[in-house]
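Note that chain A is present in both complexes that follow, paired respectively with chain B and with chain C.
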Partner chain A sequence: MSARLPDPAGALIDRGRPIAFTFEGRDYPGYEGDTLASALWANEVRTLSRSFKYHRRRGVLTMAGQDANTLVQVGPSPNVPADRLALSPGLAASAVNTWGGVERDLWSVIGRLGRFLPAGFYYKSFFRPRWAWPLWEPVLRRVAGLGRVDTGAAHGDYDKQYMFADVAVIGAGPAGLAAADAAAAAGAEVVLIDENARLGGSLDYARVSGDVRARLVDAVAAQPAITVMTDTTCNGCFADNWLALIHGNRMIKLRAKAIVLASGSMEQPVVFRDNDLPGIMLGTAAQRLIRLYGVRPGRRAVVLCANGDGYGVALDLIEAGVTVACVADLRDAPGADARMEEVRARGVPLRPGATVREAVAGRDGTLSGALVAQVTGRGICAAPGERFECDLIAMSAGYMPTGALACHAGGRMVYDDTCHTFRVADAPHGMTLAGSVAGVHDLDAVVADGRAAGARAAGGDGGPAREPDDAGLNHPWPIFSHAGGHDFVDFDEDLQVKDIRDAVAEGYDHIELAKRFSTATMGPSQGRHSLLPTARLVAEATMGEVGATTARPPFAAETFGHLAGRAFEPVRRTAMHARHVEAGARMMPAGMWMRPAYYRPKHRREACIVEEVAAVRENVGLIDVSTLGGIEIRGPDAAEFMNRVYTFAYLKQPVGRGRYVLMTDRTGVIIDDGVACRFAEDHFYVTATTSGVDAVYRAMLWHNAQWRLAVDVTHVSAAYAAVNIAGPESRGVLAPLCADVDISAEAFPYMGVREGRVAGIPARLLRVGFVGELGFEIHVPAHAGEALWDALMEAGRGRGIRPFGVEAQRLLRLEKGHIIIGQDTDGLTHPLEADMAWAISRKKPYFVGKRAIALHEKVGLTRKMVGFEIGDAASLPEECHLVVRGAEITGRVTSAATSPTLGRVIGLAYVAPDQSEIGNTFTVKIAGGKLVEARVVKLPFYDPDGRRQEM
Partner chain B sequence: MKLMPCPLNGPRNITEFIYGGPVVAEPDQNACTDREWTDFLFMEPGHAGVAREWWCHAATAYWFIAERDMVSDEIIRTYPAAELFADRKGDP
Partner chain C sequence: MNPTDTPRRSFVARELVALGSAFTDIGGFAAPLTCGAPADEEAARARRLGLCDASALARGGYKGWTARDWLREQGVGVPEQNNRASRHDSALVARLADTEALILGGLDGGCALLDDLGAAPPPGGCYPVPRADANAAFIISGSDAPAMLAKLCAVDLRPRSFPDLSVAQTSVARLNAIVLRADIADTVAFHCLFDSASALYLWHCLIDAMAEFDGRPVGLAALRQL
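Showing the complex of A and B:
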């Protein structure tokens, strides 16, 4: 059996290229250019899926990918619209939402229980008694829902692209083609977007005389300034003409100076009993089957119409060899229409003022007949009606503008009571509507409207937009509810007329409320066919205006892959990165950077770290600190600027000396620390924390945007590579490399800073107590970082120099009681509670945070940071373990480790102020709920007098 | 995505910018009352009208001022901070 029409019907298919495919395990033939739905319909397979709730048979509705009736599972991809899925060799698809296959779906028994499952039934059922929900949940999850998610599916390749255009034209029907042509003619770079494989829109399938399509398509092809993007769905329209386009596995972000929305309109179904049987489709769907795919939509048809287009459908059907049993026209007195006269002349029985009252299912569950009855009032028809045998009902009762994209960017749908249709109002600035989305349907007017819109979007004079001409296209009330139900308003969610009425009766008396309670318009088709009847029913029940729900992106389904794009996580590497890797370092992320955690084998992690600590404490170690931030401050006001942005005093800092810096924000919270090196009266070089430097730099510039001090502030983190060589032997290693800098203890004291050459490389040397040993921080131009590293490793070879990583650094610094900003401080820590009052200059007239710190002082401390020790070596707290006093939480641990140097557990913690005395004990609740006693000790834990770093 | 017309870099995607809060005159830290200072820190204007705000183009670390309609979210005007802060500010 084949419903395939002879050549030339089927503009998209290539009869020379047959394709074999399977559906539900059975083999079928099709052609290149077919969609899965068209090929199945050609094979007279009419049940493509089962509905969401009642598991009713569903077939073709739109043939445009706009409905949920044709969702299928293809391999790991759930819910693929079969009427947009291109047929490919070996394609194997199955219906979604069935138990035992689409033909004998065992869940269809639920359909018979329909009257026990009103809208909102799950809100009312299943949740009481509470213990019953876990029993119901797996059942409901199995019955409801559509396709299956394959969690084992292979990764796909998705990516993203940026595009720019003067004018983006969305929709390549007659309006869009004309608009693109006119915009390009006016000098604009144009991107023309259409979701279909072929340009033309309705010109490809509607009953059009002449060669309009060829003329418009040729004109577009002749314009080199038009980029044509077919098979591309515009899924979202965002602020300032930012469009999200989906093309295959790619998301394109298109910024346009202007947008012409020529997205057309969607034909709307009629509501009557059993209006969802396979074989009942939109008139345009029948036309698409015939003209695009060469498929006869049925053998014997009833056309149900409310406008002249329906007679065009009837003529198309007749020409395709379909017997038209009857044309039922909802209108009592259809106006003069040549198409109607032609249908009459062909001897087709016409029934003006009539509707299909009820569709009749055959033995196979698909459409076998229609009861056509006289309309006797609004939504009322006479019983029982005249029976016509048919396997096709084509519905043409009105249109809905495809205005969702305009609504994404702030537009609204407003009901026009005269023409019984929605109109797009308040379209966003920069967007022009053209064609039937703007209510213009006459083909000549559509082309003229598109041309005018295109020219205007390109900044030219296109003349005024055409006025809507759609009076008489939409029937005011194509809704014929039936006492027996099955009069579906929303096919996605199996919602019937009474579900909407019940929702309003329950008190959900606004379209947005009724929508959420009933789930109308919330299914995969997003109300494309259900919004209009739902809105009308709610308005009728509330005696209010017809309101619309809010359209939000995406317009069509998109995958997480589209949103995620490629996995792209760039990291920064220091100049010495290769050396670390060669030395066997385990690298770890530190902010945006990669840093060595420790060197050599992973299975010896703990031992490596302990050895590295010992090397620094007893001999000499070398660490890459290139990730430290660096900021240059130069100018006559440099010292004044430093004095304002940091808490310490810098006016009298001598040249050649370094000084600790602590930065607070206006609320007195600690935000960064580092060392300020004064290399000249008007020149400071300041270090900042790796992750904080960007914000510090920005804060500095923000302050000076207001202060207008005479300084240059420059972010030089990436310009310098840096190392710290530390340990009692460090001077001995470094000295032979320093020809022009005297690094003796007398000439280069602790906290001194010098400029000179190290191994011939221009360098800045800082004598800081980074890890609490004699040590030198050496900053050199980044390109020389590796040479510096090599020179120091070579010079230290005889003394057993050892590189050390971040893990050892943290231990060494914790032993010295140094806090880590962001680990030991949080978003509320001020210097007083961090015990850093020593870093605040109270004599200064001004610094950022001064008043707030004074206020904190006035209010008093609520917590205090202390150093602690724990006697039991087996009781090592982790970060954020709580300090408790009975039932009260008084603080938390911020850092803790077993000190290799001291041989006991040490750490930093916030405790209540009255717990912070040296020698006091407090309780920490560690892993497993174990309570451990900790004792407050004086900081630093190691070398309290700082003798070792000042050697 | 919204566009921000940066006075230095021209129109750029809003994700390239960092919001810096409303432009508010800082009271004299040494002379104001506690209440004046905490209001300055924590009370942000929330009127339905045009707000004057700090914005920073992150890639170029350029701070400027934007006037934005808080109802329509329309950016009305942007200009260099020097238009409001022209002179060197001495110690308060």
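Showing the complex of A and C:
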């Protein structure tokens, strides 16, 4: 059986390219250019889905993706509108939300229980008695929702893209085409956007005489300044004319200087009993089927109209070979219309002042007849009505402007009581409406309105906008409720007239409240057909004005892929990265950096770390410290600046020496630490922690914006790669590579800094003791980092030099009692509690945090950091395990490890001040609630005299 | 030659080697002359969309409250406005702020301007910025470059909106970057400077973004031929 019209009907289909597809497991033929819905309708498959709540049969309603009656599952993609899904070879689709297929959906039994499932029923059921909920929940999860997500689906690429235009024209119907042409003629760069596959809008399917479409499309094609984007949906309009466009897998972020919104208007259905049966569709849907796809919408039709366009639909049906059994016109006195006369002349029975009172289903559950009755009052019609056999009801009862995009950016829908439809008010600045979205429907006026809008958007004077001319197109009350129900106001949510009335009766007496209680307008079609009747019913029930709900993006469905786009996750790698990987390092993220945690395979992690520690303590090790922050402080006021931002004293720091730096904020809290190297009177090179340097740099700039000292602060962390070569043999490895700098103990004492060449590479050398052995930090230009690493590894090969990673470094520093900012300090730690009073200069008049620290000192300590040991080697606390005293928490462990060098458990912890004496014991609660005894010991644990690092 | 023959090596050296690049020594830095195809072919590609690792080319900067005046005294044509650049023989001078200028050497590798400036010690209030190592640099050339960059950068880089010698200090693929348009002959070309440690990350982002336009890495020889 085929409802396909003969050639040449169907502007979009290519009869030379047949396509076979599958729906619900059965094969059907179609053509390239068909949508799934048009091809199914051509095969007289009329039930395309089951409704959300009652599982009622649903078919084509708009044929334009404006409704959610035809959502299907296509492979891994759920909820694809069948009337927008292009047919492709091998397409296999199935209905969503069914149990047993769309024809024999077992859930349709719910429809018979409709009486017990009014709007909002789920707020009051399923949880009493309480034990019932766990039984209901799996059932509800099975029944609720639409479509299925395939979590095993292959990933796709969803790039995003920026675009710019002088004028963005949304909609390529007659108004949009004219606007784009006029704007381009005025010199603007134009982007013309349309969701359909080709330009033309309603000119493509409406009953139009003349060659308006061809003229307008050709004019646009002739303008090089117009970029045409078809198959592109404008999904959101944001501040300052920023538009979100969806094209395929891509979200395009378009910034336009001006926007012309020519998005047209949407035909509206009529509310009557069983108005959702397959076969009941909008008049424009029938026209789209005929003109775009060459499909006969039915065999025998009743046309239900409230304006002259309905008669145009009737004529289109007749010309397509459909028998029009009757035209029911909601208007008592339709007025003169040439189309109406022509329909009458063809012998079609006309019924003015009448409506369809009830649709009748046939044995297959789709439309088989209509009861047409006289309208006797507002929303009232006479019973029982005249019966007409039909398999198609085409509704042309009015239009609603597609103004959602204007509302995204601040516009409002305001009801016009004389024309019985919404108007868009307060369109955002920079947006002009043109065409039927602005209430202009006469074709010549639409084109003129578009031209004026386009010229105006391009900065010229386009002349005045056209006044709306849609009086008489819309009916004030196309809602005929029925005692038996099934008079659907919202198809997506299966809401009937009484559901809206009941919501208001429950007390939800405002459209926004009634919407949320009943869920009207909240389904996939977002109120495109349900807003008008819902707003009217709420207004009637509350005796108030017809209001509207807030429209928000997205306009049409978009996927998470579109929103997420391409993931850009920057990664920073040091110059030696490849060498670490080649040496078998296990890399770990440290902020945005990748650093080696330890070298060699995972199953030997503890052993590797122990070996690396031993290598440094006894021989020589090499660690990449390129991630450390570096800042150049240069200028006549450099030392003064250092004195103010750090706690220690720097004015008299000798050139050629390094000095510890500790930074506190205004509240005296420790922010960061490092080493300041004085290379000249007016030049300090300051290091900072990997994760703290950006905040330190910003703080420095912020302070100097106020102090205005003669100093330049330059962030050079990325400019220098750096290593720390450490261990008793380190000097022996390094010396041969230093041709122009003497690194002997006498010439280069502990905490000295030098500049010279290492392996021919210009370098800054620092003798620092973070790990507590003789060691040198070598900073070189970043691009030479790998060469430096290679040279040192080669030079140390004879001595068995070993690379060591972050894990070993953390252990080594712990053995020396050195704190790590952010691990051993928290958001409140000040220097006195961290045992760093030695790093505070008492003689400086000012540094950031001085006053606060003085106050802390006056008030006294509430906690103190101490070093501790635990005798029981099996009891290793973790960071943040608590120090307890009876029922009281007096502190916590911040670092702890089994020291391979010392052979016992050591760590740092905060304890109460009266617990902090050397030799005192305290209790730590470790994993499993076990209580262990720790003993306070003097720091550092290893090499207390510091001899090893000062060799 | 091999990148490991020189002390200074690009952060994307291994990617270049994998492409079959041929290298040349520019001041102790192995620079890619070609990236696996003959220079003529790469030049044709560079006219449509090419990506060149320009990290080996000379790069420097000066900042401070006397920097602009000192540079002008040295005969450097610092532009009158921020975010504009000027040509100085084969070098480019970009004014990033009232107190900072960026200097890029030409495609041949050296930069007489930077050498001269480096020889004369600047006065107090003017300090050199180590851009040769703080930044890595890529040159993206060709008529498709603006469309490709539109997937990574929110600035309108179309030729009509971003004329030659314009500078944008912006974000590219979530990295802070300086984008400087400096056409090579009549081919649109963008110099991108960004954090050197992120070079490999950005290289992969650009390779991926270029695929849609059939863009490929090209060497310096191709750019020199434009």
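Observations on the structure shown:
Here, the second predicted complex is superposed on the first by the 838 of 951 C-alpha atoms of A that agree within 3 Å, B and C clash if a C-alpha of one lies under 4 Å from a C-alpha of the other, contacts with A are read in each partner's own complex, and residues count from 1 in each chain.
Heads up, the rule we're going with is that a contact is a pair of C-beta atoms (placed from the backbone, for glycine too) under 8 Å apart; a residue touches a chain by one contact, two chains touch by 3 or more.
Only a predicted model underlies this, so the values are computations on that prediction, with no experimental measurement involved.
In the superposition on chain A, A:T574 makes contact with chain C only, while chain B stays out of contact range. Once chain A of one complex is fitted onto chain A of the other, the partner contacts of A:A710 extend to both chain B and chain C.
Once the two complexes are overlaid on the shared chain, A:R26 sits clear of chain B and of chain C alike. When the shared chain is aligned, no partner comes close enough to touch A:R346: not chain B, not chain C. By the touch criterion defined above, A:K930 reaches neither chain B nor chain C.
Chain A has more of its residues touched by C than by the other of chain B and chain C.
In the superposed pair of complexes, A:R17 makes contact with neither chain B nor chain C.
When the shared chain is aligned, chain B comes close enough to touch A:A239, but chain C does not.
Of the two partner chains placed by superposition, only chain C is touched by A:E632; chain B is not. Touching of chain A by both chain B and chain C, each in its own complex, is seen for residues 253, 255, 710.
Looking at the complex, you find that chain A touches chain C at residues 159-164, 189, 253, 255, 566, 568-575, 578, 593, 626, 632, 634-636, 682, 710, 712, 714, 716, 718-720, 759-761, 781-784, 786-787, 790.
Residues of chain A that touch chain B in their complex: 238-240, 242, 253, 255, 637, 666-667, 697-698, 701-702, 705-710, 715, 845-846, 850-852, 855, 858. Interface of chain C with chain A (complex): residues 4, 6-11, 14, 29, 55, 63-65, 124-125, 127, 129-135, 150-154, 156, 158, 160-161, 173-175, 195-198, 200-201, 205, 209, 212. Of all residues in chain B, those touching chain A in their complex are 1-3, 18, 20, 26, 29-30, 32, 34, 37-38, 41, 54, 56, 58, 61, 63, 73, 81-82, 85-89, 91-92.
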